[in-house]
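Each of the next two complexes has chain A plus one other chain: chain B in the first, chain C in the second.
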Partner chain A sequence: MDAPAKNTALDDPIGRSRFGELMLRLYRRPAAFISAIIVALYVIVGLLTFLPVFDRHADLDGSDQLKKDGLIWQIVGKEYAPPSFVSSAAAPPEDPELPPPTGAAASAERVPHGGPIDLLLGTDILGRSVFWHVIYGTRVALTIAVIASALSLTIGTVLGVLAGYFGGIVDAIIIWVVNTVSSVPWILLTLAIIFVLRASFQVAKSDAQDAPQGTTKAAPAGDRDLEAVILAMGLTSWVGLCRLVRGEVLSIRERDYVVAARAMGLDTPRILVRHILPNITHLIIITFSLGAVDFVQAEVVLTLLGLGISAKPSWGRMIDDAKLELLRGVWWQFAAATIAIFVLCLALNLLGDFLRDVLDPRLRGAD
Partner chain B sequence: MGAYIIRRILWTIPTVLGVMLLTFALFVVALPDPAITALGKHSSPAVRKSYREKYGLDKPAWLDFTALKSGQIRKAFDSRFFRTLTFQFGKSSHYNRPVSELFLAKAPISLAIQGPVFVIELGLQLLIALYISSWRGRWPDFVVTLLSVLGMSIPIVSLYLLGQWLFGARLHWFPIAGWGVGFFNCIQYAALPILVSVFGGMGGGTRFYRTVVLEQLHSDYVRTARSKGVSRHDALLVHVLRNVLIPVLTNTVTALPGLLMGALVLERMFQIPGAGGLLVEAIFNSDSALVMAVTYFLAVVYCLLVLVTDILYTLVDPRVSLY
Partner chain C sequence: MPQPLLQIDNLNVGFDTERGQIRPVRDLSLSIYPGQTDALVGESGCGKSVSALSILRLIPAPPGKILGGRILLEGRDLLTLREREMRRVRGRDIAMIFQEPMTSLNPVFTIGDQIAEAVILHQHVSRRAALQIAEQSLADVGIADPDRRVREYPHQMSGGMRQRVMIAMALSCKPRLLIADEPTTALDVTIQAQILELLRKLQRETGMSILLITHDLGVVAENADVVGVMYASRIAEFAPVEALFDKPKHPYTEGLFRSVPQLGALAERLETIPGSVPDPAKFPGGCKFHPRCPRTRAMVTTAGESDRMEVVASGERATVMKVCAGNEPLLREVEPVHWAQCHFADGHAAAAATPPQSNHRRSQRPEVEEAPTLIASARQEYRK
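Up next is the complex of A and B:
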C-alpha cells in the first residue's frame, strides 16, 4: 500500500527543489543514508578537534618542541598497553631487547595517568594514547582531502570549462597539457613534486637559520610536510575532472538556453558562471566524493614511503609504525587506523556511487 | 587504418615533448641548485664549479647560444635539455655511477614482481566478471560486488601488513620479507608480495568488468546468437569477450600506474631491491639526476604503452580507426 505512493512522490519533479529531491532519494537508500551520516560524523569529529578544549591533548602546530612533547604526545599509560576492553591476559610479551625499567624512579615515572578514554584503544610504543591519535588523524586526513580536492577541483573545472567553451587554440593547448600531465604516472609526478618542494623548503629553512633572529619565522616541519603532500596531490589529480567537464561543456554550449543567453548579449563570464557552471556541478560533486577516498589512501602510501606526514598525528603514521609492531602482536594501533580509514572510505565510496547514480546515471554504465 | 596509426604516432611526439618540458621545469627550473643542496650554501665557488662539471650541471639548460652563433651545431645542442631528451642521463650523485646502469640493474627485479601481478590480476578479474554475469542479482553477484567495494576501501598498506602477519608470521608459509639469490630462491620471496598485491588490486577492476560484461550480455547481438542456438558458454567466450576487450584495454592502461605504486610500496615493505626502492632512496638522498631520469624514462615508457594500446584498439575494433 505504502510503496506505490512513495514512488509517485519521488517521480514527481514538480514542487520539490533539486536538493530536496536528492535528500529524499538519499533517505530512500539506507546504505547511502548511513554512509552520509558516517561521513558527517567524521567531519564533525575533525572539526571538533579545532576547539580549544581539545588542546589539552594536542598542539598541532608543534611550534614549541616542549609543548609538543608535553601535550600532543602526552604519555597516558605504559608502553604498548592493550585496549582497555581487552583482558590483560592478552598483553604483549615484553620486548627482550629492552630491559624493563626497574626501581622506584622508573615506576613512578611510568605511572599511567590517563583517563578511561585515553586508554580506550591502548597505547603506542611510548605510552601515548592511540585513541587521541585516531581522532587527530581524522583532522589531518580531512584537511588533506578537503584542501587537495579544492585545489584539484578548481584547476580541473576552470581548465575544463575554458577548453570546452572556447574550443580552438585554447582547447588544443589545454588538451595538450592534460595529455602531458596524464602521461606521467600519477604517483611518479606526486613524488617528483614532493621531491622538489622538500628541496625548496630545505633551502628556505637554511636561509631562515642564517637570517638574524626574529626577522623570519620558519614554518614548523609538520606544516611543511602537509603543504607538500597537499600541493603535490592537488596538482596531479585534476586531469580526470578536466576531461569530464570539457566533454560536458562541449554539449552544453550548443543547447538552446546558452545560445539564447549569447543572443541576448550576455557577456561571456556571466554565461560561464550562471549558465554553464550550474550544469556541471554534479560532475564536481561526484569527483569530490570519490576523489576524497584516493586522497585519504594516498596519504597512507606517501607516509609509508617516508615522504608524507612526519610531524603530525596521522593515520598513515600509525600504519607505518605498525610495520614492526604487528609482527610482535601489537595490533591495536594498526587496527584502529585501518578501521578508521576503512569505514571512512567505504562510506565515501557508497555515497559517491549513490551520488553518481542519482546525479548522472550515464556515468554509471549498465548496472 | 594505416593513416590512423601514423596520425596516432605523430600525436605522441607533442606529448613526449610535454612530458620532457614538465620534468625539466620541475627538476631544472623549480629545483634549487643541486650543487648548493649537496655542498651547503657556504661552500666555495671553486668546489661548486667542479661539482657541476662532474655531474654535467655546467652545461647550458636549453641551448648553447654562443656555440650556435659560431656555427657549431653539434655543440649547441649539447645542453641538459637535449641530453635528457635523448636519454643521455648523467651520473647519480649518491652512487657515483651512471643513472641508466643503476636503473637497468634494478628494473628486472621490479618486473619479476609486477609482471606476474599484472597477468594474474587481469586474468582473475575477467574470469570472475564473466562467471558472475550469469548470476546477476543473486547472491554470488552480491558477494563479489560487496567484496570489491570492501577491497577498494581498505588501505592497501594495511592489506600488505595483514598478509605479512598472516602468511609470514602466523602460518609460516612464506618468508615475511627479503630477497634471495638465484631463480628458485627468489620465487620463494616473490610469492607473498605477488599474492597480496593481486588480492589488493582485484576490487576496482572486477567491479568495472562486471558492469562491462553485463552491458554486452544484454545487447541484441548476444540475444540473436542465443536464439540461433549458440550455447551460453560460447556466447560468453566468443561474442561477449571480444567486445569486452576494448574497455579491458582502456582499463589496463589506466591500471599501469597502479602497478608502479605497487612497486614502490611493495618493495619498501618486503625489502625487495628493485627500481621502486631505488627511486625512494634517491629522493631521500636528494639525488636529483636519478629521480629526474626515472621520472622521465617511466613517463616516456607509459606514453609508448598508451600508443601501443591505441594501435591495438584498431585490431580489436576496426571502427576506431574511422575517427
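Up next is the complex of A and C:
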C-alpha cells in the first residue's frame, strides 16, 4: 500500500486512539470535564507566574529584597485591609485590647498605591496583597505536586516493575525496602529527611561561600526549602504505587501476550518497555492525579510544623501566618488560601476518580 | 530418508514445587520432518503444552527446568544455545500460536504494531516496510480490509479474527516450524474448521512443519500426518494417523476413541475411561495407566495367581497384572512405524525401544471445501 492510503486511514474512527476515546468520555462527564478545566486553569495560572511580567511580583525574598519593586512583598494598602468586595462597614473594628500591628508598614509614610487587583482579596499584616500570594502559591503548590509526583512515580514504577517481573531475590529486596519505608510513620520520615537535607544544604551553602567570589552565587534559602520539601515527599510517597505496580506486573507477566512476545523472540528490556509498561500506565496516571492532592496538602502540614516553605509565599505559609490573625477577625488571608486548596483538591479528586473509572480495567467492562 | 527438521531426544522437564519435584515431561522423543504435521494429543495436564514451551525454552524457570535431553533444530541443540541465540530462533525459525486468542494480543497496541514488532526484530526492516509486511500477512490469513485492520486494536476483533491475527504474526517471519498449542480450543466449531483449513493452506504454500497440540481427536484425524498420544508425561503411542486410528495398540488410545461421540450411534451414555489423570506429584508406580487400564484387568482372568496383584485404584480395589503395577513399560516399535508403551500390546515384548520417528504423510488430505460440508451434513443428521 502506498502513502495516500495511510493518510486517509488517519480519519477513520475505528482507529481512534485511547487518548481520543478518553477525551470523548471526559466530554460526556460534566463533573470531570469541569474539574479538568479547573485543574487546567490552575496550571495556566501557575505557569503564567514564570512570565517576566509576573516575575517581578514573584522574585522576592524577605528582608533584603523588601524594598525591591515587587507587588507580593510590596505594601499595597493599609494593614489588614479587607477584600475590596467587602464593604468597609464589615471591616473588623480597631480593637484597643490587641497591640497595634507592628510591621514595617505600620511605622511611617505609608503610600497605599495598589490597584484594584492588588486589593481584591485584601491585605495581610504588612499591608501586602493576599491576591498575589494566592497566585504565587499556586506555582509553589503545583511545582511541589508535579516534581514530587515525578520523583515518587518514577521510583515506585521502576522498583515495582523490577520486583514484579523478576521476582525471587530482586523482589525480596525491594519488598523489604517497601516494608521498611512504609512501617515508619509518614510524617516522621518526611521530617527526618527534611532535617537531613537542610543540614546538607547548609554545608553546601557555606562551602559555596568559602569558594572564590563570583564562582557560585549562594542560592536564597527559599529555593533550598522547596527542594528539601519536594525531595522528602518524593522519597517517602512511592511505596503505595510500588506495591500496586508489583502486583499488576505479577499478573501481567503471566499473560499470554507476554509469553507470545517471548515466543516471538523479544528480549526482556523490550518486553518490559513495550508490553508491561503500557499496561500499567493507567495505575501511574490515577496515582498521579489522586496523589497530587496529598502533596498539595502535605505542604500545608509541613509549613505549619515549621519545616515547609519559609521564604516564598505558599498556601501553607499563608495559613500559618493567618492562624493568629483570625483572632482579630482577619479571615480573608486564611480563607483565600483554604479555598484555593479546596477547589484544586476537589477538582483533582474528581478528575482522579474519573480517570480510575475510565482507565482501570477492573472497573471497565470485561473487555 | 530426509533429515528431521526438529528432533527431540529423551527430553525431561521438572518443576520444583512445595510437594517436591514433579515431572511434566519424561523421556520425550519426537521427530518432525519438513512439511509434516505432527500432532500431540492427550488430556489436560499430560505434558503437551510443557513439551511445546520447552522446545522454545519458555517454561518458567524457576520453578521449571530442563533436566536432560536434546532438542535438535537441523542438528543444532537448542538447549545449549545462549539466550541471545535462542531469541533469534524464537519467532524466526520456530513460531508459536496459543490457545487463547482473546488474551494473546496486547490490548494496548494496534494489530499492525504487534505484527511489525516481530518483523522489525527478525528481518531488520524499517517500521514502514514492517507494517506493509504485516498488512500482507493479514491478507494471507484471509482478513478482509487488511489496510484498515492493521490500525485496529485487538478488542475491535472477534475471537476467530484474533486467532487469524496470531497466525499472521507467527507466520510473518516465515518460520520453518509452527507450534500450534490448541489453536482452535477457544473457538466455536465453524471458526475451528476455518482456522484449521487456513493452517493447511498455509502449510501447502510455505512448506512449514506444524506441531499441533490438541485434545481433540477430530482435529487430529483431519490434520495430522503422525500422532503421538501423551499420557502422564510420556508418549504412550506413536504412529501415522491412519495406523493409529485403524489399530490403536495402547489401551489408553483405545479408550480415547471409545469416548468420542459418534454420529448415528444410539448410546445411553458416552463411554468414558474410568478414573482420572494421575496427579504428576503422585504418579502411580509401574505403568502410569494401570489404575485405569481395562486391558490389565482383562488379562488377569487368564493369568496365574503369581502374576496378579491387588491394587487400590480410584478408591476401589482392583486386580491387575503384577508387571503393570511394578514396571513402567518402554515405548517400543511393536509394529513397523508404530510405537506403543504397553506390556500387553501385541509384539511389545520382542520389539526394540527405538525413538519414534516417521516421515509419513497422510494419504489424502480432505479437500478444502470438505470440512464445512462435513459439518453441514452432520448438523442435518443431528436434527433428524
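Simple rule for what comes next: the second predicted complex is superposed on the first by the 308 of 367 C-alpha atoms of A that agree within 3 Å, B and C clash if a C-alpha of one lies under 4 Å from a C-alpha of the other, contacts with A are read in each partner's own complex, and residues count from 1 in each chain.
Throughout what follows, a contact is a pair of C-beta atoms (placed from the backbone, for glycine too) under 8 Å apart; a residue touches a chain by one contact, two chains touch by 3 or more.
From a predicted model like this one, the values you see are computed outputs, not experimental measurements.
Q: With the two structures laid over each other on chain A, which partner does A:L326 touch: chain B (first), chain C (second), both, or neither?
A: A:L326 sits against chain B, while chain C stays out of touch.
Q: With the two complexes superposed on chain A, say which partner A:L250 touches: chain B (first), chain C (second), both, or neither.
A: Once the two structures are laid over each other on A, A:L250 reaches no partner at all.
Q: Have a look at where A:V43 lands relative to chain B and chain C in the superposition and call it first, second, both or neither.
A: Once the two structures are laid over each other on A, A:V43 reaches no partner at all.
Q: Which of the two partners, first being chain B and second being chain C, lies in contact with A:V146: first, second, both, or neither?
A: In the superposition, A:V146 contacts neither chain B nor chain C.
Q: Once the shared chain is lined up, is A:G168 touching chain B (first), chain C (second), both, or neither of them?
A: second
Q: Residues of chain A touched by chain B versus by chain C: which partner has the larger set?
A: More residues of chain A are touched by B.
Q: A:R262 contacts which: chain B (first), chain C (second), both, neither?
A: second
Q: May I ask you to decide whether A:L26 touches chain B, chain C, both, or neither, giving the answer as first, second, both or neither?
A: It touches nothing on chain B or chain C.
Q: Given the touch rule stated above, what does A:F342 touch, chain B (first), chain C (second), both, or neither?
A: First partner only.
Q: Do chain B and chain C land on any of the same chain A residues, and which?
A: After superposing on chain A, chain A residues 367 contact both chain B and chain C.
Q: Give the list of chain A residues in touch with chain C in this complex.
A: Going through chain A, the ones touching chain C are 1, 5-6, 9, 12, 14-15, 18, 168, 255-257, 259-267, 270, 274-275, 278-279, 367.
Q: Across the complex, what residues on chain A touch chain B?
A: 176-177, 179-181, 183-189, 191-196, 198-200, 202-203, 206, 210, 293, 297, 300-301, 304-307, 315, 319, 322-323, 326-327, 334, 337-338, 341-342, 345-346, 349-350, 364-367
Q: Could you list, by residue number, the parts of chain C that touch chain A in their complex?
A: 56, 58, 62, 87-92, 95-96, 98-100, 103-110, 117-118, 121-122, 132, 135, 147-148, 151-152, 155-156, 166, 169-170
Q: Tell me, which parts of chain B touch chain A in their complex?
A: 14-16, 18-19, 21-23, 26-27, 30-32, 36-37, 41, 149-150, 152-158, 161, 164-165, 168-169, 176, 211-212, 214-215, 218, 256-257, 260-261, 264-265, 268-269, 279-280, 283-284, 286, 288, 291-292, 294-295, 298-299, 302-303, 306
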